[in-house]
Structures are given as C-alpha cells and as structure tokens.
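This structure is in structure tokens; I'll ask about it shortly.
In this document, chain identifiers A, B, C and D correspond to the written order of the chains, with residue numbering beginning at 1 in each.
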Amino acid sequence: MLAFIIRRLIQSIAVMLTVALISFTLFQFVGDPINNMLGQEASRDDRAELRQRLGLNDPVPIQFVRFVGNAVRGDFGISYRMARPVSTVIMERLPATLELAFVSGLFALTLGIVLGVYTALKRDGWLSNFIMTASLVGVSLPTFVIGILLIYLFAVELQWLPSFGRGELVQITDNWRTGLLTESGRKSLILPAITLGLFQLTLIMRLVRAEMLEVLRTDYIKFARARGLSQRAIHFHHALKNTLLPVITITGLQLGSIIAFAIITETVFQWPGVGLLFITAINFVDIPMMSAYLILIAFIFVIINLIVDLLYFLVDPRLRAEKSGGH
Amino acid sequence: MADTLLSVKDLVVEFPHRRGNLRALDQISFNIDRGEILGVVGESGAGKSLTGAAIIGLLEPPGHVAGGSIELDGRRIDNISAAEMRKIRGRKIGMVFQDPLTSLNPILTIADQLIETIQVHLKMSDKEARKQAIKLLDDVGIPAASKRIDDYPHQFSGGMRQRVVIALALAGEPELIVADEPTTALDVSVQAQIIDVLKNTCKEHGAAVMLVTHDMGVIAETCDRVAVMYAGRLAEIGPVREVIKHPKHPYTIGLMGSIPSLAHQVDRLVQIPGSMPRLDNIPTGCAFNPRCNKVFDRCRTERPDLIAVEGNLAACWLHAEEATA
Amino acid sequence: MSNLIKHVVAGVAVSALALSVTAAAETLRWSSAGDSLTLDPHAQNEGPTHTLAHQIYDSLVFRNMDMELTAGLATDWYVTDDPTVWEFKLREGVTYHNGAAFTAEDVVFSIKRAQHDNAGVRGLLGTIADVIAVDDHTVHFVTNGPDPLLPNNLTNLFMMDKDWAEANNVTQVQDFAGGEETYAVRNANGTGPYRLVSREPDIRTELERNEDYWGMGMFPLEVTRIIHTPISSAATRAAALLSGEIDFLLDPPVQDLQRLENAAGITVRSAPQNRTIFFGMDIARDELRQSNVTGANPFSDVRVREAMNIAIDREAIRRVVMRGQSVPAGMIAPPFVNGYTEELDAIPAVDRDRARALLAEAGYPDGFSATLQCPNDRYINDEAICQAAVSMFGQIGLDIRLESKTRSIHFADLENHLLDFYMLGWGVPTLDSHYVFTFLVESQSGSGGAFNFTNYANAEVDAMIQAMTSETDLDVRNQMIADVWEIVQEEMMYLPIHHQVLNWAMKDNIEFNVQAEDQPHFMYMTFK
Amino acid sequence: MSTESKTPVDDIKPASLWFRIIDSDLFNSFIRKPVIVASAIITLLIFAIALFAPWLAPHTPFNPSSLNLMDGFTPPMTANEFTGNEYLLGTDNQGRDILSAIMYGTRISLFVGFAAVGLAALIGITLGLLAGYKGGWVDGLIMRIADVQLSFPAILLALLIFGVARSILPPRVMDEATVWVLVVSIALSDWVQYARTVRSSTMAEKNKEYVQAARLFGVPAPLILLRHILPNVMGPVLVIGTIGLALAIILESTLSYLGVGIPPTQPSLGTLIRIGQDFLFSGEWWITLFPALTLLTLALSVNLLGDWLRDALNPRLR
C-alpha cells in the first residue's frame, strides 16, 4: 500500500515537472508582456529597461530554475496585468471555479448515472432511445453556442435567471466567498453549471449505460437471477456497484476536464473564476498568470488521479488484496 | 416409483431469426423424480444447457418457449409471470453454472451474497441467516467456514469457489438443482471432489439434480438416469446402467463406442462420420439420419417419437416394430 | 462638432452649476468589457484605469462630458511672465476621503510620484522640470522650454495625499518586478466624488457618494452608489442590459445597438470618439517580408499607396461593417483636434479603374501579394474591417492576405518592426495635431516616432514637428500644423478608414451624454 | 457473399474485421434501424457536398475579391436593399453567401476532423501495438507519456500547441499550416484513447495460440502485428474514430471561438458559427443558425453511426 502510494507520488512529481517545463518553454515563445505593462505610448528605452528588471534578458535555463524554485514555494511572481501576486489572485478566483465545477460535476454525475442506468435497464424503450438521441444533441453543439442560447432564452427572453456573474456572495474565509448560500448566488449557478456539465453528463451517461449493459451480461448477474434475487437487488446491489467502479476513473478525469473546459463557460457567463482569469491572461500575455494556471490545472489533475487511484483501491477488493499481498 | 418433481413435456424453444425461427429445442419430454440425479449428455450445441435454462426460466432473449410445458410439483412454470418465476428460482430450483470464477460477484463478500440469497427465500434474521450461511459453507466443505465467510471471491481457489456456488444454489433450500457443466472449467484434480460435494450435499438437502455434462464418467458414477440429446432433440433416456451397457439409439451406441474408457470426455464423435447439423439445417425425419449407419427410408421422412425399449426410451425407428410387436 | 469648444491653451473656470442634489438614492449598476488595472492612479496610462480613478480621485483639471477643459482641484491656471513657468491656483477647503486636507504639497508629491520610473503616466510629464509649492494653494510647474499644452497633459493626473502615501508606504508607484503588491493597488484615498467601498479586480467594484465632496451643488451627483461588473463577452454584455441586470453599458457591441435601441426601456446615445482607425505601410524597406515582389517594395511607390487609398470603399465599411456607427475619415485626427479641417478629412472617391491604372503605371499591372496584420480585439470590429478591406484590395487585383491576432501579439509585432502592412487606431488626448505627428510621423529617433512603423523619415518634417513644441505664437504654430498635414496627406503612408463613434447604452430614465474620450464622469449623470 | 451463403448464422468465429463487416448480421442490424440508415445517408450526403463544394457551390466564398461588402447581412431569400442580390440562405457580415460558405466550411471541418482522427489513430495504434506487444519499459514509457498527456485536457493542449506553433513558425508558413496545426493539436490530445484500447487488445491477442504459432514459425514481429493483431483491434478503433470525428469537429469550432482556429477569411463550420454568434441578438440569426444546424446534423449523424457501430461490433451486446 505504502509502496504503491510512493510510486504514484513519484510519478506525479515527474508529471508536474514535465508540465512545468512545457508551460515554461511555451511562454518563451508567446507574446511580449512589456507592451501590456507599459502603455501604447511608452518609449523604447522604457521597454528595454523594464525587460531587464523583469529578468527577461537572463539565459533561459536560469529563468527555468528560478521558475521551478519559486513555483514550489507557491510563488508565481506578480501578475503583469493586475500588479498583484499571482498566487493570491488565483486563490481568490479558485473557489468560484471549484464551486462551478463541483455543482456541474454533481449535476453531470447524478443525472448521468440515473439516466445511464435507466437507459441500460430499459434498453429498447422509446424514452431510452429518446434520451440517448437527445443526449447526442448536447455533444453535437459547441459549448459556447449552448451557453449563449441558454442566456438568450432564460435571461433575455424569460428573465428567470441571471445572465452573468455569481450573484450575491457570502464570505466564509479570507479567500473563500460562496454563492451557494444566497438565492441569487444559487440562481446564478444554474445556467453555467448546466452549460458546463452537459457534455460530461452525456459522457457519463453513455459510459454508465455501456458498463451496465456489460455487467448485466456477466455470469454473476445470471447466477444472481438464478438464485431468485429481486430485480432491484440485482440491478442496484449487484450490477450498479460493479458498473460504478470503472466509472470512478473516468469521472475523476472528467472532473479535471470540467475545470479546464470552464474556460469557455466562464467566458460566456462572465463567471469570475480561474478560467476567465486565464483567458484574460492570454489576451494580455500575462505570463506568470498563464504558467501558474497551467500548473494549477495539471496539479488538480494529478491530485484527482491520486484520489481516484486511492478510491479505487478502497472500493475494489481485488486490488486491495493484490497490493497488500493477499492473506 | 418415487413421485415426479419435474415434468417436461414436448418442450419447444425457438430463436427468432431473420431467416425464420430456429428451433433450438424440439419436443423434449422427460421427468425428474424427487431426490433423483438425472444426467444430460450430448455434444456442444445439442441443447443441454438450453434445457436447463428453459427450466429455470432464464432463456436469453430473444429465445423463448414456443411449445410444450414444464411442470414443477404438478404446477406449470413455463407460462407464469416473471415475479412468480422469481419466487421459484432459488427457492424451488437452484442452479450451478459452469465457471465459478465468473459466477460470483467480485466486489461482494461471500457472506453478503449468501445471506442476501437466504433472506430472499427464508424468513430469517441477519444472525440466523449468517449461521445458516456458515452451515452451508461447512456442508460444501469449506474449511474454517466461519472465518472465510467474510472473504471476497478472489481469495478462494477455483474449486473452493465452485463449492461456494453450490452452497449459494442450495441457500434457498430448493428441490431441484440444475448443474450446468459444473466441473468443465475446473482443474482435473478437483473435478471429482466437486461432483462428490454436489451429489452428497444435494442428497443431504433432499434436492434432485439435473446434471448437464460432457463427462460420461461423471454420469456413470453419479447419476440415476441419463438423457442423451442430439440436435435439440432427445435421442434416448433411461437408467444409467441400461443406457451405458445397452444403448438403443445408434447415436448413443456411437457415443458409447467412441469412449475407450468411461473416464474420457465426449466432445466430438470421431467414430461417426460427419458432424451434428446446425439448427437452420436439420434434415427432415430423424435428425441423425445422414450420419446413421442403419438408416432406412422411414428415417428420412418421418421423425421418430420416443419409443420404450427394454426400460429405455429411444427415438429411433429401428425399435418401432419391437415396440408395437 | 463646431459647437465643441476648442480650448487648447487658456483654462476657464467652470461656472458653478446651480443644481440641487436630488434626495433620491440612485444606485448605478454598470458594465464594460475591461476593468481598471489598478487603483494606483499613476501606475497605468490606460482608459479603463482612468475611468475608475476619475470617480475616486481628482485631477487639477479634467475634460468634462463635453470635452471642455474644466477646473478640478485647480481653480485657475495660466502661464506666468516666465514662459517656462505655469501657475496653478488650488481649490481651498478640499479634503480627502480620510479627512486630511488637500494642499500644494500634495500636488508636488503627486507630480513627482507620477514622474517616477515605474509610473505609467510619466510619459505625459516629459516636459516638466520641476514642481514648486509657492504657498498652500499655489503651485508652479517649471517646464523645459515653453510648454503651451501643459494643462492638456494633466487631465488624467490624479492628486494623492502625501501623508497617506507615506503612512502606507506607497510613496513610489508599484514596481512589477518588485515582488509584493503595494497598498495603493487595492486601496484608495482620493478627493473625488465617490469613495471606494469594496473592490475585487475584474469582478466587482463598489463606490458610494462622497458626501463631503467639494463639488456638491456644482455637479448633479444624483448617483449615490456605483457598482461596476466587467463583462468581457460581447453577447453576454448586451444580454445583461437587455435582462435589466445592469443600468448602463459603456461599450455595447455595435451589432446589438439596433436591438438595444428597440428594446423597451433602453436607449443608446452616441458621439464621435477621439480615435481614428487607419492602415499603415512600411514604405522604407527595400523588400517586403511577405510578398511575391522581390527586390522592390511596392509600398514605397506613392502611386501604389494612392491606388490602395482609392480602392477602399469607406462608405460601405461604415454602412455594413460599422452599422452606420463610424465617420469615414480622410485624416488621422477627429474633428475636435486642433489642425483638423473638413478638406483634409474628405474621403477620396472610390475609383477602381484609376486604381488599376495607377498600379500598372507603378509597374504592377497584375497586382502583387502582401499581408495585412490586424488586431482582433482592440478596435470596434477591427477584424471585420480588415476582411472587408482585403476584399476591396482584391477587386483592384491585389492579393492581400489577412492575419489577425490578439492585441498583445499585434502590438508586440508592431513594436518589433515585424509588419509590412498593419491596422492601428490613434486617439489625440491633447486635442492637438502635434501629438499625432510626434508619435506617427516624426522619424524614429530618440523619443520621437515611437509609433511610426511606416519608417517614413523626412528631416524637414521632423524639424517642423520639433519646432511646434516651443512655438508660442499660435498662428505660426497652426500654420506649421497645416503644413505637416499637407505633407502627410500627399505621402499617404497611412490610409485612414474612419473615426470611431462611441455608443453608450443605458436605461432610458438616465440622462447622460457620451464623452468623446470614453470617460464617463458619473457625477454628471441625472435621472428622469 | 455468394460463397458464404451457406455460412451458418451463429457462433462461428469470424477471421477478420472485413469478414465481420461483410457478415450479413452487421448489415442486417443496419438495415433494420431507419434512424441509422438515415444517419448514414445524411452523413454521406454531407461528405459528398463537402467534397464537391467547388463544383456545387453557387459562389466562391474563399475568394475575397469576389465578395461585395454591400451584400452584407442579406436575409435568406430576400433581395439586398442596396444591390438587389438574393441568396438562398442569406449572407454574413462580409457579404459572403452562407450556403457556399457552409459547403466550403464543412469541407475544412471534415478535413480537420478526418486528418486529426487519422493522425491520432496512427499515433495511438502504433504506440498501442508497440506497448502491448513489447511490454516492459517500452510499455511503461509509452503509458507514462499517456499519463502526462491526460493531465492536460484536450482544449488546453490545443491552445498550447497552437500558441507555440504561432510563435515559432514564420507567419507565412503558419498561415498555410493553420489547418495542420489544428490537426496536430487535436490529434495529440486524442491519441491516448486509441493507444490504450489497442494496447489492451494487443496484450490479449499476443498470448493467443495463433500468434504464438506465428512467432514460432519465425514471422517477424512487425508482420505479426500487422497481419494478425491489427485486424483484431480494428473494431474498437473504428468506433473510437467515428465518435472522435464528431468530437474533433466540435473541438475545432471551440478553438475558433477562443480565437486560435481557422482564420475568418477561409472559415470552417466552427468559425462561421463563431462569427455568427455575434449577430444572434441583433436579428441576423441566419449567419449562425444554418452553420450550427449543419454542424449539429453532421455531428449527430456521425455520433449515431458511431453508437450503432459500437453496439453492432460488440459481440457481447449483439
């Protein structure tokens, strides 16, 4: 067990280093921050001098070592654009993204599992077929189009739900402000969460359905039937549990993608999270902000992967036995 | 004569197919008495397993019973509702599958699966059910049953798992166990043990057994009677000694002749030229007629019914005159 | 635009408007694409940053909603007998939001702070040699040579409290490389009409009326609370106003103006903006970087430039791309800039036949290929304008490829002199043509020609442009301006497209005129 | 077919994918589902229109000099108020005929989709076969690379690759390479699926007797992989590929939305939608609606086909 965790940790660190290298290298190529930091009308001398002070003239390897060293300490420097420490800004914005990702993940997961199980059990029912086809519509349109259509319908035409932002927030800790505790906050969450979760919902639903169909064909389900167990016990006690095991892995990765795909949703709904921060950073070539975001995403992925592995470990008795050396 | 537990009459099972219905079982008739062990033997695809599945009501759709009847304790069970059938499965008829490695749910403990099954059929408290479960495991020969009961399936060897499967099949105290090739997937060294366990525990629990197998040796040692199937039809049925010593159907004769020693298995009849016809291509008359060395005209046009010959029943026109004589 | 007063030199004290402040508490929820970058008033020289600063801080003078130079913290200003010294009389009895008094010492401190290396606004103060507090309410600005335009450069220069800055260790402007953020980035203590209640950068900024404001009674000040939420997506911005979630939208997307105008309860107001959009060409290189012509630079032939100039259908761009929201331009300066004339701004007639003939004359009967570089998120419909232009150039036989990029990359490429043919927009905050010349026409040397990427260099023109800075005789100076414009129009290294038109969309109970600098001073806003 | 007409219907093991495709069961399950037949017809129709766009389209939307700006924003089947021109599906903000733009745009989108899927499959299959067949450190290395790749979601990866390409390629090259950069971006974010599937199938296949026998006969490894193992893993690859095609087309349009896609002078379907969505509130609905409907129809049909194919090729679900 310990060996397993250590091995995974080492792998994770290797992944993180690679990502750091990639994101660092990338920004050696992209845009020039100086132009954004100084106004359009600054003179050439001003620019050269700022470049020198930011260390942009140092050899690349030195810049990288400095970068990794600082990153480990959570120091990604000062945002070129906001003139504030990147890590502080990200910590302020992260709760918004996590809240959105969490709610849309929950939406995708619960509805995805319910619909997946339903369509698997009623494989040839008209409602199942309808759900299966309708779900494809959701993945056949780009997210931004869906978001704009939702805004048009629910915000502009019906005026039921807000078109942007997080609504009223409640301060919980210094950095964490939540919209979940106010009505306007919850209302503001609905459209972005649906927009963001729709794609994952379809994926999870289809995955659950396929897995469930596979499981329902296994011998142990047949044997359970032959023992006269009730339909419910077979579907939900025996089949569902086995179905959800592989779903955990995929869903974990999906949760990571949700955070990344939030870039689009946050842009459409002006959701003040890290995705919007990233897009703004790209436009302003705010290199410290961009690299911090990339590393953050990779970090979240690595953490989710670790958690998924451990969860799998706890849930699946076969793995547990293997890794702990059996009886 | 002991009383009849199961009575199968003219059972027909069909699979709809775009080239017409395929008859997988064609007018099968036989009885099983209480406490009796009936062996069912035949080549792959002869319909042995299908017969078992039809009895317990677990035909894979689109397969379905298209004719005849199945009676348990004098009550028809082939046309009852799914809910009623569920009450019979496990409680009246238990089933043992071929592969113990896949028959057990990998993520539930043995206790979970056993207790759940017991409580579905018998009114028992958790504590009683657990006691009963341990007893069942004891019965099927699991050492240290009270400790091992909380293990997961993967912690048992193949043979041990099949014992667990037998325990599970017996958990609802059924009167009939359908054992579908219960030893095929197992290591040769434990096959005999498992057959013993099956035979003895069923006897102790008063359950009759329908034992589907390839293994004539097992049939000879274990069964009271044996049924021989060919191309979805019953070729011959009778007491085990009679069928082995004095087979009446040319197919059975070939079958017995092909076995140098009884310990051998019958997978393919090397001594009879040709192979079993496919379901969409069964000849008219006797299904065996293209391969039969005693074939005559009637065999090619008219399908023989089971005819009583010296204590056996055989579906062969060779015996038609004897019977009527 | 003739009614716009073109005060360039002399300042006028604003006549006190006898207005009673309405008691009704009005909260204004407004939005725009971008947010202020920092609360530090001297750190950035950028529109949205100044917009917020104008609500919280005051400058000595500012441009009101009609672009008139208006008295802010200074009540009077004039050149002393020494032409290199400006005297500013300061308003008395003004206090900061924290209660401290505003004095001449603060002016000296603020100007010195704004001249620091880290200050983004220091470019505006290049001519100031020294600032001296004569007494508590008199300040002298000493300039390097006469600077008749000095007050024009002070409209976005905000006054900070020296004691507050010292107490919070923000006597210097934030240094980006320095590590920590400074107190002034997120906190403010101004003398302005509104005080800061809370601020989350890029998310939400809330202000409340400063009840002790010196301008109480002089300005309407009907808005008591201001909540700003930036929205970057154009469609969402429009949706927010349509759904009633905001009251005022600074930059409605032009394509949605019709829809907003037609919506019940919403009105759109417009005015010409102080910004002209144009194409520039590198005319000095021997050979273009991206062209099928080798060994020659087609853009260096004035006939080619003229052919391209008359190939552009500016009227079609105005009508279709801009939805009528632009003024086709013949010069790079809007009407309220000193030096503007209608003759210079007249647009050439579209004449494709003559354009082809000119090209043939120049030796390109079959046209040539080149690349046009455009930003796609800087100016109103910038990319669409370029696309339209490419198709118009195509119609006279030129094979122009379009490359559009985000503004940061576009300007970086420009800055690095990588572009043959590019789009640029230019505003004239000083309202004087010299600003245009020194950035766009003067040859690249020292501080001159910082945005002259055409590489146009004409020593005679340079001399005239430099002479303008110290010429105190207005008529002579204006003649210089007219002369330079004539040369610029002849050389055609720039192809002007149009002057942008500003549109502000708001609930129709709001009375608020569009300011040509795109700077809303919310204290002027009134409600029906 | 004729030689196989006597082939018994069930449970004989087909020798290869091609056999399975020709096998009448697949065809039958196809014919019996009208929705699937319709999807296939629509998909083929869209493919054909895209392929023959230069001959079918009424205008040449990618030639800027053929556009008349004054034709801009012409509603469908209505004469333009200045020029009097009429277009079946209207025009966009540049006066481009929407119908022709859709035809050409679909061509680009499909090209990107096919090329990306092809490249992803090529990389994925090669690495998957290698990992599954060789095992050991080769396997370990390839799967670790896959892990790193997975920690970057597709969209971020594509943004990154695009950013790098844009800065290191000279502008002229980049302009011509945009489509290919997009293809590579999407392919690199998508190959892992193929690799994983192929790897596990390969590991299962390589221990089968026929492969062992081929090995004993001294058949070289590449030949074993190509002749014996590859055909057996093509089924799942085909399914992933079909659904991947739809995903690639959508991803392309999303990247366009974020500003790193195909330039608007030669718009793909996604770019058209992105341009058009600016005009959604202003009443020019046709600019975005028709391309969006085309994309929806195409992606839906392809997805339905992929779905059906997955079920049909999976013997356990048959």
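Convention: contacts are C-beta pairs under 8 Å (C-beta built on N, C-alpha and C of every residue); 3 or more make two chains touch, one makes a residue touch a chain.
Predicted model only: the values in this text are computed from it and were never measured.
Ranked by distance of CA centroids from chain A, the top chain is B.
Comparing chain pairs A-C and C-D by the number of C-beta pairs in contact, the larger count belongs to A-C. One inter-chain figure worth recording: chain B and chain C are separated by 91 Å, centre to centre, where each centre is the mean of the chain's CA atoms.
Separation between the centroids of chain A and chain C, computed from CA atoms only, is 40 Å. As a whole-number value, the distance joining the C-alpha centres of chain B and chain D reads 51 Å. Inter-chain centre distance (chain C to chain D, centres taken as mean C-alpha positions): 47 Å.
Not a single residue in chain B touches at least two other chains. Multi-chain contact residues, meaning those touching two or more other chains, occur in chain A at positions 30-31, 148, 152, 156, 267, 279, 282.
Touching two or more other chains at once are residues 166, 277, 280-281 of chain D.
Chain D contributes residues 35, 144, 147-148, 150-156, 159-160, 163-164, 166-168, 246-247, 250, 253-254, 257-258, 270, 273-274, 277, 280-281, 288, 292, 295-296, 298-300, 303-304, 307, 310, 316-317 to its touches with chain A in the complex.
Per the touch definition, chain D reaches chain C in the complex via residues 63-70, 72-73, 82, 93-95, 166, 171-172, 175, 259, 263-265, 277-284.
Residues of chain C that touch chain D in their complex: 234-235, 238-239, 242, 253, 255-259, 290, 313, 316-317, 319-321, 371, 376-377, 383-384, 387-388, 390-395, 397, 400-404, 406, 409. By the touch criterion given at the top, residues 11, 14-15, 18-19, 22-23, 25-26, 29-31, 132-133, 136-137, 139-145, 148, 152, 156, 210, 213-214, 217, 253, 256-257, 260-261, 263-264, 267, 279, 282, 294, 297-298, 301-302, 305 of chain A touch chain D in their complex.
Against chain A, in their complex, chain B makes its touches with residues 56, 58, 86-91, 94-95, 97, 99, 102-109, 113, 116-117, 120-121, 151-152, 154-155, 165, 168-169, 171-172.
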